[in-house]
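Please find the structures below.
What follows is chain A paired twice: with chain B in the first complex and chain C in the second.
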Partner chain A sequence: MLRYFARKLFVYGLTFIVAVTVDWAIPHLMPGNPVLALMSRIQAQDPQVSQTMYHHYMRAFNLDLPLWKQYGYFWVSLAHGDLGTSIVQFPTPVSSIILHAAPYTLALLLPAILLSWYAGNKVGALAARRKVLDNSALPLSYALTATPYMWLAILLSWTLAVTWRVFPVGFAYDPTAIRTLSWTFVGNLAYHWFLPFLSLFLVAFGGWAIGMRNMIIYELESDYAHYLGALGAPQRLVRKYAFRNAVLPQVTGLALALGAILSGALVTEIVFSYPGLGFQIYNAITNQDYFVIQGIFLFIIIGVLVANFIIDIVYLIVDPRTRIGMEGGRS
Partner chain B sequence: MRIRLRASAAASALAVGSLVAILVLSLAGSAGASSKSYPRSQTLITSGTQWGNIAGFNPFAGSYAAGMIGLNLETLLRYDPIKDKYINWLAKSAKWTGNKQFTIVVRPGVKWSNGKPFTTADVRFNLKLLRFGTSAWHNLYLNFKSIATKGNTVVIRFKGTPNYVQWQNALWNIPMISPLQGKVITSAQALTTYNPTNPIGTGPYKLDPTGFDPTTRVVWVNTGKWWAAKQGLEPMPKPKYIIDLVNTSNTNSLNAVLQGVEDLNNNFLPGVDKLVQQHKVLTYYKKAPYMLSANTAWLEPNTAHKPLNDPVFRRALAMALQPGLYAKQAEGNLVLPAKSTGLLPTWAKYNNKAAITKYGFKHNEAAAKKLLQKHGYTMSGGHFLNKNGSAINLSIMVPQGWSDWETARDMIIAHAAAAGIKLHAVVGSQNAWISARGTGNFDLALDNHWQISDNPWTYWNGIFHLPILTTGTGQVNFNFERYTNQKAWSLVKKLDKTPLTQTGTIKRINTQLQTILMKQLPVIPLWYNGQWAQFTSQHWTNWPAAKTSRQYTPVMWGGYLQMTGIDMIAHLKPVK
Partner chain C sequence: MSAVPTAPLASPSDPSEVEIPAPARPMSGFRETLHFALRNRKLVFGLAMTSALLLIALIGPFIAQHGPLAYGTDLALRPTTHGGYWFGTTLQGQDVFAQFVNGLRLAFIVGAIGGGIAAVVAMAVGFTAGYRGGVVDEVLNMITNVVLVIPTFALLLVIAAYLQVRGVLPEAVFIGLTSWPWAARALRAQTFSLVSRDFVDMARLSGRSSRKIIVKEIAPNMSSYLFMMFILLFGSAILIAATLDFIGLGPSNTISLGQMMQLSVQNAALQLHLWWWFLPPGLAIMALVGSLYVMNVGLDEVFNPKLRDM
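Let's look at the complex of A and B:
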């Protein structure tokens, strides 16, 4: 068991270093200079003043150093827990931007992931044994899972927010809402949360439903199911065993799908101007705010790796074969 | 088995429910206000200034929260670009009392939002902040000999001939911050990191810190104690709250205006002319051009690149273009085409009609072709070649996503092609465009860098400034076309050092500069970008409008509230 976790941790560590390096490199290799953009907003009338300010900001962000030094400083700062300062929102620390935005993204992601996984698996399992449901839910699920997150978000926004005005177009709460710890404000948040959540939920739900439906059909056709049936076991019991076996690939699938759902959440936030990490990344990329881009992606990288690690552990719990295999290996 | 499955389902539901509850509650954030929402009938909602997160409350940074200067902080003077006159503001008077001496009389009865009086010491403190190299007005400070205070006057003595124009411009742009908060600014770096959480100002509004959300909005609350209202200079603004929302997209903005979520939007929204005709929104003018002018959009040739280094080629290119069409089609008929001088309508008095008639450019493809052929350019395959026989295929750059400019770019490419000049589009982000402009890595670019001001000097300085910086980043803010003309630069410097009372000299210099511009075309003026402003009367009326007594700048952009934007706010009336 220890060897298993040691190997996993090594792989995660390596992935972290590579991912963080790519995370650092991509913004720095983008064409353009964020400080020039910053300077263009300060219309000093004298070029010498402009130059002085330009060099001041370049030094403040270490952007006057060679790239290899900037990379080195990046790791040193990271080791000290310093994610840097936003260029656009200077002198706001990147960590405070993340702390402000992360709850919004998590409030979308966690319910969307868990509920879509749970509901998708349930509906998929039902569809596998009910013809009517199979004929209706299956095509719908295919359509949903093939829909790009952004497109569905635009569609929902256009129909439910712009045309019918049932839901708000953007933001996390009404412009005139006062942020208080009250049910009114919580309701306001939920009202603005619903459409972005629904976009994510529906697309992910389709994928899980199809996966489970196919897995259940496969399991019900396997030898153990037929054997159990021949022994006179009730169909309900056979289906339960089939479900337990079918859910294992879905757990693996959850780990694999995390990245896709996360990227879906990012673009969905942009469509709904929902001020989570995705909206912040969009703003940061638009303004070439290196440190915000790095910081948020770092947060995402860590989040995805931790989630994968948790799923690895969950897999050990839900699949006795893995556990027994490892214990056998040790003995 | 059944029990385990039910337990697991219940656990999932519980987990999900708890997570949602915890996260939603965490988003609820800071508690404190007693009511549930800002009353809409007392709240003015604006948008169109802040793209991305709100940077904060540093008035010396380029992008501070909308309203920071104008609603909260104020300036010594203000400037009315429609009437072309200065308005004494925190200064009761501000004038030259000698060739090198400027005297400011501080207005009595002005108070900071913390109740302290605004004094000459405060003015002195703020002028001394210019000593830091990161202040946009640092070059003016280098010419200060002394700043003395006596009674209610502040006397500034200059070492050499003052930059009269720049100084006058600075007087209505330098924000007066409270020394109580500003005392932390003790270095050039501190000036850039200054960011009070609850700024103290002399203006009619103060920040509502609980309402401020950098991703969404800034909320200003009427103090009800504005000195300007007490002294009868302005009516007390009626909106109890002003909420400025972060921009999301033009589509969302349009929806927000039409749904009455926003009262005033300062984005370029295509199709506004039709909405005005349908009485769905209001604009400053009831008919085209609908918007007041904000800056000159021009085609910027990189004069360091062949054949754009040839004024004859630039003239031929200009003759191929149709600014009237760009204003009508690309800009949705919301703006005016530019005169050949590019001088904004507010500077119309400086336009020299004779010079424009003689040197201005007009659309004429055939004449453009003839001009090039006369000067040794030959054609091959319908396109002109360089004089050395190589092909001409110039790139043209606009920021990606600026849809009106992208349309104009495509029209420019087509019109240039009709005159035998081959251009092609280069697609790049706004930052890539800024960077290319700064480093000179472009052939042609659409640009509008310099905003409306109190003096065309800012326009000429932006075009003719020398030296052209070739090290480091290259140009920052000035002469992106890399045009060298010592005579023009000398005239720009002379204009800056000419007292504003010498109107004859000022006019002569402006005539000389516009003649050089029209003859040489270091930039090709195309249209006057608008002070984009569309508003609705669902909640507030009495908006600025032409041919009324409310001729004010209807925008919340940085630099515009201390023009007459604050007059707009002060004259609004609630519907209910």
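Let's look at the complex of A and C:
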């Protein structure tokens, strides 16, 4: 058990170091220089002034040091929670941009992941080996899981928001809304939140439903299920056991699907102009705002690692075999 | 960001539960497989749909009346036969049909190359880890985990900045090199369950090299599984490419389905109700990836008699 955690933590630590190094490399390996981009934004006329400013900013961003020192300083400032400064929205610190955007992304992601996983597993388990439900739920699930996230977002936005005006077209709240902790404002937030959430939820739902349906069929055809059936156990009981066995790979699947759902959330935010991390990163990419890109990626890396760790713990709880010491699946 | 088997191969995580399809018997086995293949509605539907889309992708660019990037004089034209703008034009007067078939062709290219590379890497890693075990397994497992978690956008951003003119090829190679982890894991588990079988021991006793045993003894026993894995990787490569293109990291010298959607959203096509611009690209991806997934389940039922719905 302790060995299991020690090994997991080692892998996560290694992943973190590699990921942070890649992240650090973004502005440094890029041709050109982020400071030059900043200078062209400021448009100083006097060459003397621009020369001085150039050197000032090179020092401010630590870009005049040798590469290995820059890399070291990156870790130091990281430990202090300092992610640098935005070039486009100078001098807003990147950390404050992330702090403002992250709640919106999390508010979309967490409910979408958890609810779609729960609902997808339920529907998939119900549909397996049941003709009518299987023939209706399955094709729909296939259509949903094959849909690119942004296209479903486009479709929902065009029909429900632009054409029928049932929901707002975008943004997190009305520009005229008063931002206080009142029920009207919370209602306004929820009203704007619903369509992006629905779009994420539906695509993810399809994948879980199909996965569960296929797993349940495998389980229902296994020896223990047949044996139970032969003993005269009610179908409900057999299905209950099948479900408990089939849910394990779905927990592992959750860890594997995180990346896809996350990128789905990013593009959904772009379609709905929802001011989360995806919207920010899209703006940063189009404006070449390297430090914002770097900071948001770092946040995503940490988020994915933490989520993976939580899933590991959940797996440990739901699968007794891992606790006894069956590490990794060696037979 | 790695995409994932949205429709995972039904592979239980515990290798002892893994179903390995029985080795194909000569001739009669093949006939039997064909018999069930032709009667499997899912497989036939998926195959027909994919073939139809492939045909459009192959022929389309030849019958398009305009270049995919050429600008015409008719702006935001509704679908019409006039001037050969069968799918209408974009806000800037580009031919949507030409862009559509061009994008569809690119989707097939990205799927084939990206999915192919991912399958090769997954096989190399999965077979080696599963067959060798021990330290080799540990190291490969670690690499798999690292690739799984790293946000691949970050890598692509660096590459995108270096290549000023980017074709679809670098994108496909990139997707292939980053989307293999889940497949490698699944293959590793499958290999574990085969390694302890008698016929593998026999091969080992006869002094065959490990490489030969993997290629000649282990791989053929999961050939159906490998094929299905490739189909899923093919589909997910198309979805990943669409996402990357939509964010603005796609090819710069052509136009893909993802870029069509990006440009339509950027140009407020939704608010202007230019539905002929943003509906076809997504619909094509959905149809292509969906039929691939359906085909996959059909194949699973054909190869694995237990799953046949009778």
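Please note the rule applied: the second predicted complex is superposed on the first by the 281 of 331 C-alpha atoms of A that agree within 3 Å, B and C clash if a C-alpha of one lies under 4 Å from a C-alpha of the other, contacts with A are read in each partner's own complex, and residues count from 1 in each chain.
The working rule: a contact is a pair of C-beta atoms (placed from the backbone, for glycine too) under 8 Å apart; a residue touches a chain by one contact, two chains touch by 3 or more.
Predicted, not measured: the structure shown is a model, and the values here were computed from it.
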| task | Examine A:T286 and indicate which partner it touches, taking first as chain B and second as chain C; both and neither are also allowed. | result | both
| request: Applying the touch criterion given at the start, work out whether A:V169 contacts chain B, chain C, both or neither, answering first, second, both or neither. | output: both
| Touched partner set for A:R179, first chain B, second chain C, both or neither | first
| request: Would you sort A:L67 into first (chain B), second (chain C), both or neither based on which partner it touches? | output: neither
| said: According to the stated criteria, A:V314 is in contact with first (chain B), second (chain C), both, or neither; which is it? | reply: neither
| task | For A:Q51, select first, second, both or neither according to whether it touches chain B, chain C, the two together, or no partner. | result | first
| In the superposed arrangement, does A:A190 touch chain B (first), chain C (second), both or neither? | first
| query | Which chain A residues lie in the overlap of the chain B contact set and the chain C contact set? | reply | 30-32, 162, 169, 286
| request: Flag every residue of chain B that touches chain A in the complex, lowest number first. | output: 1, 5, 9, 12, 15-16, 19-20, 23-40, 43, 45, 51-56, 61-63, 133-139, 166, 169, 188-189, 192-193, 195, 210-211, 213-217, 243, 245, 248-249, 252, 255-256, 259, 261-262, 428-432, 434-435, 438, 449-451, 458, 461, 465, 469, 472-473, 475-478
| request: Using the touch definition up top, name the residues of chain C that touch chain A in the complex. | output: 1-8, 10-17, 19, 133, 141-142, 145-146, 148-155, 157-158, 161-162, 181-182, 189, 192-193, 196, 235-236, 239-240, 242-243, 246-249, 258, 261, 264-265, 270-271, 273, 275, 278-279, 281-283, 285-290, 292-294, 297, 300, 306-307
| task | Mind listing the chain A positions that touch chain C in their complex? | result | 11, 14-15, 18-19, 22-23, 25-26, 29-32, 142-143, 145-152, 154-155, 157-158, 162-163, 169, 203, 206-207, 210-211, 214-215, 217-218, 221-222, 245, 248-249, 252-253, 256-257, 259-260, 262-264, 266-267, 270-271, 281-282, 285-286, 293, 297, 300-301, 304-305, 308, 321, 328-331
| message | Give the list of chain A residues in touch with chain B in this complex. | response | 30-34, 36-57, 60, 86, 88-92, 97, 100-101, 103-104, 106-107, 110-111, 114-115, 118, 162, 165, 169-182, 184-186, 189-190, 193, 240, 273, 275, 279-280, 283, 286-288
